[in-house]
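These notes open a run of structures that come right after.
Two complexes, one shared chain (chain A), two partners (chain B, chain C).
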Partner chain A sequence: MIERLIAWLIRRPHYYYLVRGPLRVYYARYANPAFMIWVSFLLRTYKEAFARTRPVIWSSAFVPTELVYGLGGVPVHPEILASLMAYFDISGWFLEKADTRISTDLCSFYRIALGMAMAGFLPQPDLLLSSSTFCDGSNKFFGYLSQLYNVPHFFLDVPYHDGRHGRRYLVDQLKDLTDSIAQLTGIPWRPERMERVVELSNRARGYLLQINDLRKSRPAPFPGSEALSYGVGMMFCSIGTEPSVNFYRALCRFIQQKVDQGAGYLPEEKHRLLWLHHIRPYYPNNIFDVLNGNGAAVVFEEASHVYWPQLDNRAIFESVAQKILSNFSNGPLERRVDNALKMAKTYEVDGAIHFSHWGCRQSCGGASVLADVLKAQGIPCMILDGDGGDPSNYSPGQTQTRLEAFVEMLE
Partner chain B sequence: MNSSPLCAGLDIGSLSTEVVVIGPQGIMGYSIVPTGSNIQRAIQSSMEKALKDAGVSQSHLSAVVATGYGRFNLSFPARQVTEITCHGRGASHLFPRTRTVIDLGGQDSKVIILDARRRVVDFVMNDKCAAGTGRFLEVMAGALETCLEEMGSLSLRARKRISISSMCTVFAESEVVSLIAQGASREDIIGGIHDSIASRIYRMAKRLRIEGEITFTGGVAKNLGMVEVLRRRFKASINLPDEPQIVGALGAALIARNSPQPVR
Partner chain C sequence: MAEDRTILTDLRETIERYMGSLSVREAPVIGWCCSYVPVEILESAGLVPLRLLPPPPAEMGDAYLNPNFCGYVRAIMGEGLARAYPFLSGLVVMNTCDGMRRLFDAWSHFHDLSFVHLMDLPRITTPGAVVYFREEIERLIDRVSSHFGVSISTETMASCFRASNRTHTLLQQVQDLMGQGRLDLTDYEAIELLKATGILARETCHPLLKRVINESPMEGDRRGVPILLTGSMLENPEIVSMIEAGGGWVVAQDLCVAGRRSENPISLTEDPLMALARHYLLRPPCARMQDSQRRIDYVSNLVRSYHVRGVIYYVLKFCDTFLYEAPVLKQTLDHMGIPMLIIESEYRGGWGGGIQTRIQAFLEMLNGAGSPDQREATR
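Now for the complex of A and B:
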């Protein structure tokens, strides 16, 4: 009954106006204004998606949002929404539903998202768009959703190698894709709309580069735990929009202020850590409390690395293809390993933690190799097994022991 | 270093609690008690026994370090250090050339790698699954209606290699029951159980760089059948403490002696 009531409520546009005010008051305690921009962006996106004033395009995490915004659509990212359910500690509700249909060995973000879809918590899509980059579970999941919602599923087949032929192949797909989606939605492809999206994407990228540069400071001015939550959320969902520029500009100013004051986010920074993998557990957990309590700062994370060059308005499809292929998680593991080594040196870390999320074969598969390479370079690396969205796979005592033992190793 | 030389280390595990009291000459006393359902009572009881064994009172102690899952449950001041560091410290104190520590406890197993300065440089743990732990042996002993303390010696009398393929303790128990029904000898089945544990530990250990001497700690190290099968699996001799179950508590006591701030 409550479930149906909430599902009904969130479909009403006025609901978002009602909650926006109290949320602003509640989150005013955060000194970081960027966080409120994230909250407002989420509310607005969800409202628009349910209002269906624009085509609703469900998009997997590594599809550049510039495409969706350029097509005039509103992107909905089921994985990001799933992480929010975990954040509010209600993912169990949706997992129970989803587990009647799919295996519990799958990524919990997809399981939660399916549960949300089954409960009517997600806006009806007009079409689905996924890519083969990194997250291979997304294609099967989106394929299943296509049947569930009886809507087309567009799939970008990203080549393994970043070369001339691969780029050509991807560019051709992007052109076909935009033509097909424009026909389906009835919204013609307009280069000037895409040019604006590209301009905003490049501006956001500029601020993100500044932020990443500021985060080299000692002590670390901004916690990795926050970068891994709303920082990653904004990166996946908003690039190509004005809110994304506002967000990164605000965050940049906030961090600049901290650096100017010489203020670290920990009272005493004893160890600097690099976080590997794009996610962290989002349900209430003690991981970062344990690290913070032991003076171990997560100074940077691979999720925030700007791996793509500026997009070029003169060659939009080519530069979007370039962005996709530049992802270091695409292709041979050496790319990811080299990137991790560079980040470890740039941010002068004392150690690294690889969060191995249950069901995430593409990241966990290479974790041991990645850890071995880092160790061989004198950078201790711990593989922390866990689950990003399903709290039943989390054990606080065992996790605390591992983290504390790792910190003891660094001392 | 603390000026007064008496220190204590507590290892509060899910199945047993150990306390070691050390003085200038080394171990003065120790205790091993079941933790049971009341951790506070187990801590108090084990402290009393160890102090009595050492012939000192708690007021004589200058520092205390606690380890194990129950390390935050003390009602008196103590520093908390993880069992990985404590086992490494304790094992290398007893066998200074130790570079690898294999600890098989009641409910978890770990492999710890030390460097030449006896510091922990890597580790791997399995505490999500009882297979490969003392609990696994306990369940199998129950299925075979055998005393846990006899399992080791019986395994050494195995004549045939029997493979226990199930990874899960519960399913392995079913497998054992089937083997009994098929007429397999108790000794051969127990030999297979030991091989299964050794195989799991070996695979876990091989994720790390194993080198130098290996020391075996934890309650399961009292099982000489387990010592033998690990020796064969690792193709190396295995150091065995006189009382392997107190190595974690010993390491904690040694850390207490060397730490300038006894209270966290």
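Now for the complex of A and C:
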């Protein structure tokens, strides 16, 4: 009953006007103004998506959002919405539905998103846009949605090798794809619109770099748990928009203040940790409480790493291709390992936690190698098995024992 | 029946002898583990390609790859670390899926084999993708040539393509006979035979295939519910025996180890690398390819061509691409009035009574369904 009522409400664009005020009051207790920008951004995006004033483009997390904005669309990210459902502790509603259709061994974020689609929690897409960056699950999930909604699915096949041939292959696809989408939506591809998107993207990137620089400070000024939440959310959904610039500017100022005050996010920072993987469990859990309670600060996470160079308006497709190919999750694991080692050094960490999300083969499959290389460099690495979206795969007692043992070992 | 057993016994002995001979071969043996690997390139370089189909269990692999990984990948990793292939000089891994990609990474890191090559495989089949795949084949040639100090001439390549086309013709004949019920083998033996073509050298497997073809009767007297077996990696065809025991007849297969291969031979009249790229990339697709509709059309055509009455979809646990595809294919088959049974299983064989019961129930349901003519035909 509640589920149906919420589904009915969120499909009404006016609902977003109504909830914005109360949410602003509720979240005012957070000292960080960036958080409210995130909430407002989400509300505005989904209001637009349900109102369908612009083409609604469901997009996978690693498709550069600059493309979607450049095409004049509203991006909807099923994976991000799935993590929000977990955050509100209602992912079970959707998992139950999805599990009647697909295997429970698949990534819970896609299972939740499928359940949301089945329950009418998602706006009707005009088209789907995904890339092969990161994982098989994304490729096939969007293919499945295309059948479910009977809408076109545009797909970027990202080559494994970042070389001359691979780059040409990707650039050609980008050109074809933008042409085809522009024809489908009737919104012509206008370079001046993309130029503005690129400018905003580069400005957001500049603030992100400043934030990452500030986060090197001791004690750690900003918790990794929050960076892995709305910080990463904004990175996936908003780059190329005005709110993204506002968000990262606000976050940068907030962290700068903390650094100037010498204030860490923990009362006493005993250990510095690096979080490996783009996600964390989003449902209520005790992982970060246990770490905080033991003085272990998650000072940085690979998800926040700015892996891409500035976009260049003079060669936009080449530049977007470069952004996609620069992702350290593409290509051999060595790239991710090198990146982890650099981050471990830059942020002077004492240890790392690899969150092995059940259903994420590409990440779990690299955990042993990552841990082995980090250990060889004197950085202990704990492989924490868990699930980012499905609380039924979470065992608080066992997780606490493992985390405490790991932190104890760091001492 | 005695002859059937002889063929299976011969096949097993031949494989055993062949595997034993690999240790004393001068030519380097190169392992491969995906049917998209263009083995003709390895053959053209004078190397010995060997499809790795390790037996379960995979405990050793479990220590290096997460337990939520495909059992086939874990088995390869485990067997590699356990030195089950001491004669191996190299490994070619295809970027087929996350499992294979990470197998390459883990093997490269934890194993001391000096030649481990990952070959990219496009997920789409546009002309640009074919060109990119051609370049990947060229990269394989460069790596093989520089590592093993060999060169590949156009003539050798053409000769290897011709040999591959002969295998193609023989396999096609075997599969046609299987569909006509004229193969003098059980379905289990037939799948074992098709599987063996990835293991044995062409000169060893061609006589076996020819013998099976020559010994086939003129008229087929095979009866049973016509079944299409489709899905991912099937190491142990015990499931086929269960289908046969339940009154089913596997008239067609679309599996990584049998059946799923190009419908056409390699063209000998164009740029050889382009011909090879097209041959592999445009073949009936694996579920990892992006365009599911192509695969669904292919499976639907098999259903129609072989008058299939039920489809058994076998998928290894944690094989994301096939798991996602299952409901989509099922929906299409439902519209065609063809029931589909999904069997999700570990790479361990030795399936318990649960799977046997499900297969039996499925076949009984099929026997009860259908028109009186169809039921009569399957008796």
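Please note the rule applied: the second predicted complex is superposed on the first by the 410 of 411 C-alpha atoms of A that agree within 3 Å, B and C clash if a C-alpha of one lies under 4 Å from a C-alpha of the other, contacts with A are read in each partner's own complex, and residues count from 1 in each chain.
What we mean here is this: a contact is a pair of C-beta atoms (placed from the backbone, for glycine too) under 8 Å apart; a residue touches a chain by one contact, two chains touch by 3 or more.
Note that the coordinates shown come from a computational prediction; the quantities given were computed from them, not determined experimentally.
Once the complexes are laid over each other on chain A, chain B and chain C both fit without any clash. In the superposition on chain A, A:Tyr160 makes contact with chain C only, not with chain B. By the touch criterion defined above, A:Trp38 lies against neither chain B nor chain C after alignment on the C-alpha atoms of chain A. Looking at the shared chain after the overlay, A:Gly397 reaches chain B, while chain C stays out of its contact range.
In the superposition on chain A, A:Gln173 contacts chain C only, with no contact to chain B. Residue contacts after overlaying the shared chain place A:Met409 against chain B, while chain C stays out of touching range.
More chain A residues lie in contact with C than with the other chain of the pair chain B and chain C.
Shared-chain residue A:Lys375: touches chain B; no touch with chain C. Put simply, if you stand at the Cα centre of chain A and look at the Cα centres of chain B and chain C, the angle between them is 70 degrees to the nearest 10.
Annotation: superposed on chain A, chain B and chain C show a minimal Cα-Cα gap of 5 Å. According to the touch criterion, the shared surface of chain A, contacted by chain B in one complex and chain C in the other, consists of residues 368, 385.
Residue ranges of chain C in contact with chain A, taken from their complex: 63-66, 68-70, 95, 97-99, 101-106, 108-110, 118, 120, 122-124, 126, 128-129, 131-132, 135, 139, 287-288, 290, 292, 317-318, 320-321, 323-328, 331, 344.
Here chain B touches chain A in the complex through residues 69, 80-85, 119-123, 125, 127-128, 207, going by the rule given at the top. Residue ranges of chain A in contact with chain C, taken from their complex: 101-103, 105-107, 132, 135-137, 139-141, 143-144, 147, 155, 157, 159-161, 165-166, 169, 172-173, 332-334, 356, 358-359, 361-362, 364-369, 372-373, 385.
Across the complex, chain B is touched by residues 368, 375, 380, 385, 395, 397-398, 401-402, 404-405, 408-409 of chain A.
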